[in-house]
Amino acid sequence: MTYNIAILGASGYTGAELIRLIAGHSSIQIKALGAFSKAGQPVSQVYPHLRHLDLPDMVPFDAIDWAGIDLCFCALPHKTSQEVISGLPRDLRIVDLSADFRLEDPAEYQKWYGNPHAAVEMQGEAVYGLTEFYRGEIRAARLVAGTGCNAATGQFALRPLIAAGVIDLDDIILDLKAAVSGAGRALKENLLHAELSEGYHAYATGGAHRHLGEFDQEFSKVAGRDVRIQFQPHLIPANRGILGTAYVKGDAQAVHDTLAAAYAGEPFIEVLPLGEVPSTRHIRGSNFCHIGVAADRLPGRVVVVAALDNLTKGSSGQALQNANLMLGIEETEGLMMAPLFP
Amino acid sequence: MTYNIAILGASGYTGAELIRLIAGHSSIQIKALGAFSKAGQPVSQVYPHLRHLDLPDMVPFDAIDWAGIDLCFCALPHKTSQEVISGLPRDLRIVDLSADFRLEDPAEYQKWYGNPHAAVEMQGEAVYGLTEFYRGEIRAARLVAGTGCNAATGQFALRPLIAAGVIDLDDIILDLKAAVSGAGRALKENLLHAELSEGYHAYATGGAHRHLGEFDQEFSKVAGRDVRIQFQPHLIPANRGILGTAYVKGDAQAVHDTLAAAYAGEPFIEVLPLGEVPSTRHIRGSNFCHIGVAADRLPGRVVVVAALDNLTKGSSGQALQNANLMLGIEETEGLMMAPLFP
Amino acid sequence: MTYNIAILGASGYTGAELIRLIAGHSSIQIKALGAFSKAGQPVSQVYPHLRHLDLPDMVPFDAIDWAGIDLCFCALPHKTSQEVISGLPRDLRIVDLSADFRLEDPAEYQKWYGNPHAAVEMQGEAVYGLTEFYRGEIRAARLVAGTGCNAATGQFALRPLIAAGVIDLDDIILDLKAAVSGAGRALKENLLHAELSEGYHAYATGGAHRHLGEFDQEFSKVAGRDVRIQFQPHLIPANRGILGTAYVKGDAQAVHDTLAAAYAGEPFIEVLPLGEVPSTRHIRGSNFCHIGVAADRLPGRVVVVAALDNLTKGSSGQALQNANLMLGIEETEGLMMAPLFP
Amino acid sequence: MTYNIAILGASGYTGAELIRLIAGHSSIQIKALGAFSKAGQPVSQVYPHLRHLDLPDMVPFDAIDWAGIDLCFCALPHKTSQEVISGLPRDLRIVDLSADFRLEDPAEYQKWYGNPHAAVEMQGEAVYGLTEFYRGEIRAARLVAGTGCNAATGQFALRPLIAAGVIDLDDIILDLKAAVSGAGRALKENLLHAELSEGYHAYATGGAHRHLGEFDQEFSKVAGRDVRIQFQPHLIPANRGILGTAYVKGDAQAVHDTLAAAYAGEPFIEVLPLGEVPSTRHIRGSNFCHIGVAADRLPGRVVVVAALDNLTKGSSGQALQNANLMLGIEETEGLMMAPLFP
């Protein structure tokens, strides 16, 4: 059986990544590509790397005929996303890659994103899209909210540890190193090659990064109490990749055992042998997440390092994994490609 | 039907790329991985990015049982390759990725590679592996010699033009920009990140690059007369990609028409509209080659630019494409993945 | 004696490079920094890397008191530059880094830049700023027009050869590889790290690059006849550097002798031994230009490769070198710093 | 007055950086360059970027006439350094850039470096070369031990805080991001451009990095009690730069005040306004260290970020700064060059 999908916001990096992945999928077909400023253009003009594909031209959103569309991916900026999704057919399955439906609490949404939510009722309906932890709900969901790419990385490293209580919940630090494609295709000075290639730095200092909203919500949920981590992201001169270094207090063996057990059956999460740590070059372009654990020389201190590709497992790969579940397709379909190395 | 293959020299970049591609192939299975210094190690240790795959451990070559192996890929250094291949079963299908069987004339081989050929009789048997131009011979071949990655790039840009005689055969210049993975995993100072990342330069000046042997042989063959091009490669701070800029004399429209006609039915060669030129970011990680043509302001002068991924279309992708033909599998099987962008 | 200077357009890369260089100059002092959008800001905010310097704040142009200013550097966009310079005191020495006064012929200016020149009379007054070839005129000049960075590179490689007539004047090809800072701080998609770092490509194909106007003017002048070269630039994933590979017809030894003789006394131009070619990593951050010559295997064909730093010798370093001459300071003052390697 | 110096180990990155810096120094002259494998070669061959300089050829160590040499820089690998230095004249001033004389306790040296120290008596004599904290001792010293580049970064961020007791001494984490030139010119797989450019990762996990020996020694000394920090370095795809992110517990304002006071008169240490953090692109190629402080959203938690150039302030610049002190020259001489941006 073949399912028909649409992608709204097809001209950003996550939209392009979705097309790349779906092009290799056996039972999903792209029926419509919606765009704002690039509407009217063929894909080969917007994305010359996809010129070999037989794809529909980019069209304005309202030119899409939703009859016959089984699922829609929304790869739009936050705020725009909730406005657009509000106007879509109520029975359409949706995987949203924006931040708009990640936070359950409207007050939390407003706190982190600055504007009141324009589709509060749908916010309640949405299922948080961290596949490995919400599989059942996602299968049954109409609207799935893709997670932040940093939020996914941090949760893969920490969530089972917080749930199991094997680490000190009041002293968790996540030092994260993000490659630049996670910042999107926005034209900003610090994303220019000349500025970034020999210039790495911390950003969103002081606990200002919006993905903290997701950490607060999810970690508190699994802990059954308030958990607030310290999270400091850095921008790194690489295209793809997130490396999250978590500093936790606990027993390294217990930490490793807990992670190994949590991900034992997972097709995409690889827990390395105790003492080994991952590199972003080993997951690039793939849906895999590698996690390593190392005991520090200081007793009771442990480092947990997680690496994934922000555009794949951190965003579009996760979105397709969720779509597979929602459509009743094998979860791994279209997602088992090996990383591109070097 | 499933075919069993072996890879000798599995620990270099082209070996790793072969595994990546075959991992996504529907009817080829890896039965044996042969290595020298890394024999005895599991793949997950040599290539952590392949740890999710269920692969045989790396073994010494003589530990491989060739019964039941349908085809062997040799990703060995030149000279070693001819010695190893001489010792393989005579009825084993072989795709060699080294330089050892590219040149038909033993004197030419010795001129470019410095040593007498150790398997002259097999040199005669080998078919040159530029798939788009040797399809019939490759289908029937036992031993196929993969082309040089630069040699492939230059030939995709120039071969139809030389064959058709639409350009001046005595004044062809190829200025080539090669990413660093084409130099392999060798430990050399100029391949270090610190030296290369802000240091690009010409190398093999004066017509010293060995791939000229292939250009001489192939271009002369299709022209029916001696053709000697001027070829100057440069090393560029990027991982994957070759961009060949050919300076030719002729009519731009005729040049474009000739290329468009030559590659009309080709699944992997895309000729861009006249006036557009390719970028390496649009073919990375894929088996596609993009070719562009532009007329210069000076009448009768034309620029032809070809871009491909040295490890895929320039090497391991080509090898798999040839293996597909030799085994009677659909030629594009396992090779239609979209490029990784960005 | 100390000279006072002003810089207009201090917030771009060439402005910043000027400040860097002048900060190490023994007898030039920065009195005023003029900017548009960033007027009112301290330098430490616009350029945190200069925060250790005691510099005047950035001010609007009309806030500058020209009394007491000995020389003004204009690092403005073309077209803006001619408008601003028209309004400056008529006796103020000016070094312009824009394209506005490079071309002597107003028609040529309009052809390449698209607009009629707004200060034609000053166009006639301006001296072309290629120091090594216009030293005398520059010493006496009031207005010096800095050259294009690509134009400088190509002229260093070719100008003595054309003047001496040791190469075929009707068959000169310049394949140029430019690092990204030469494109300035403009916010364009193809300058983003994510797009460029693994994506290099040709641009301005067909002889469309504006620096051709300079080549045409200067090469014709020294040849005493019309000379039109073929020039194809490429964008490379590096910050600083230009590598120009010139394909010429002549005798390699004569080419090398001519260049060696032409640059024998030059403090900044290094001609490498015949057969050696330069790398951008050996001139980065410096005012040096390295030139290499290699004979091709094809008789009568020669490759000349020149490397320089686009922001230093290609732009701001050249500007300071010219200012030194205009002010009667030692030409090399403030410019002898060694390249930054690695 | 002019001082004559020698450099042993002139063919590594720190040796080259020393030459770059000294070339711009007004009163220090290079009299001898000692090398192992590259002895006998002119500098222009080993370092083409220095070909404009008039330098002595590289010679074997024992060919150096020490009469008339005022000071010797040793840029040798550890262990080799102590052996070579043992054999130098006892009255020769020495600045050692290796690890050999950083640790005062022979047992600590053996613990971190694996071999017994071969010059224990000189180990006692050596002064630790962190200029800003050992100025008086360095002025009077005969043998100064340059610090580790990571050790310098961490100490600039943390040392005044530990000395002042404004942070919790039992809970200090230093997450460090190091550019690749800090690993030297060694030929290792993970330093290849192809491996590193899209592959960043943690290394020396578990508290295994040798610079911890320096942290332990120095932090305990200033605290007057044992202090053991948790230190996790990461390798980043950039040439130059170290960014250290320290996670400490205390009051942000007090932390900032303490650092601002400690470095108030320092020519090379810039403490940014509270809330601002540095980038490696703003210190590259210079002797400056930028330090920023930010309060986290979690009360009592503070992030301190320090950035410096590993080859300059982290190594060769520090060495020259110390040599200036030892020779009675102005401390900043030859070191005030502005960073190279971009």
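When the chains are written out, they are named A, B, C and D in that same order, and each has its own residue count from 1.
Keep this in mind: a residue touches a chain if its C-beta (ideal position, glycine included) is under 8 Å from a C-beta of that chain, and two chains touch if they have at least 3 such contacts.
Because the structure is a prediction, the values reported are computed rather than measured.
Looking at which positions face the partner, chain B and chain C present mostly the same ones, since more than half of the interface numbers are shared.
Looking at A-D and B-D, the interface holding more C-beta pairs in contact is that of A-D. Here the spacing of chain A and chain B, counted between their Cα centres, is 36 Å. For this pair, chain A with chain D, the centres built from the Cα atoms lie 39 Å apart. Chain centres here are Cα averages; for chain B and chain D they lie 45 Å apart. Residue numbers of chain B whose C-beta contacts span two or more other chains: 13, 181, 194, 196-198, 237-240, 278-279, 281-282, 284, 342. Interface residues of chain B, counted against chain A in their complex, comprise 13, 16, 19-20, 23-24, 47-53, 181, 197-198, 239-240, 267, 270, 272, 278-279, 281-286, 288, 290, 336-342.
Across the complex, chain A meets chain C through its residues 13, 180-181, 185, 187-189, 191-194, 196-198, 237-239. Within the complex, the chain A residues that touch chain D are 171, 173, 175, 177, 179, 194-203, 205-208, 212, 228, 230, 232, 234, 236-241, 243, 245, 247, 275, 277-282, 284, 292, 294-298, 301, 303, 305, 307, 342.
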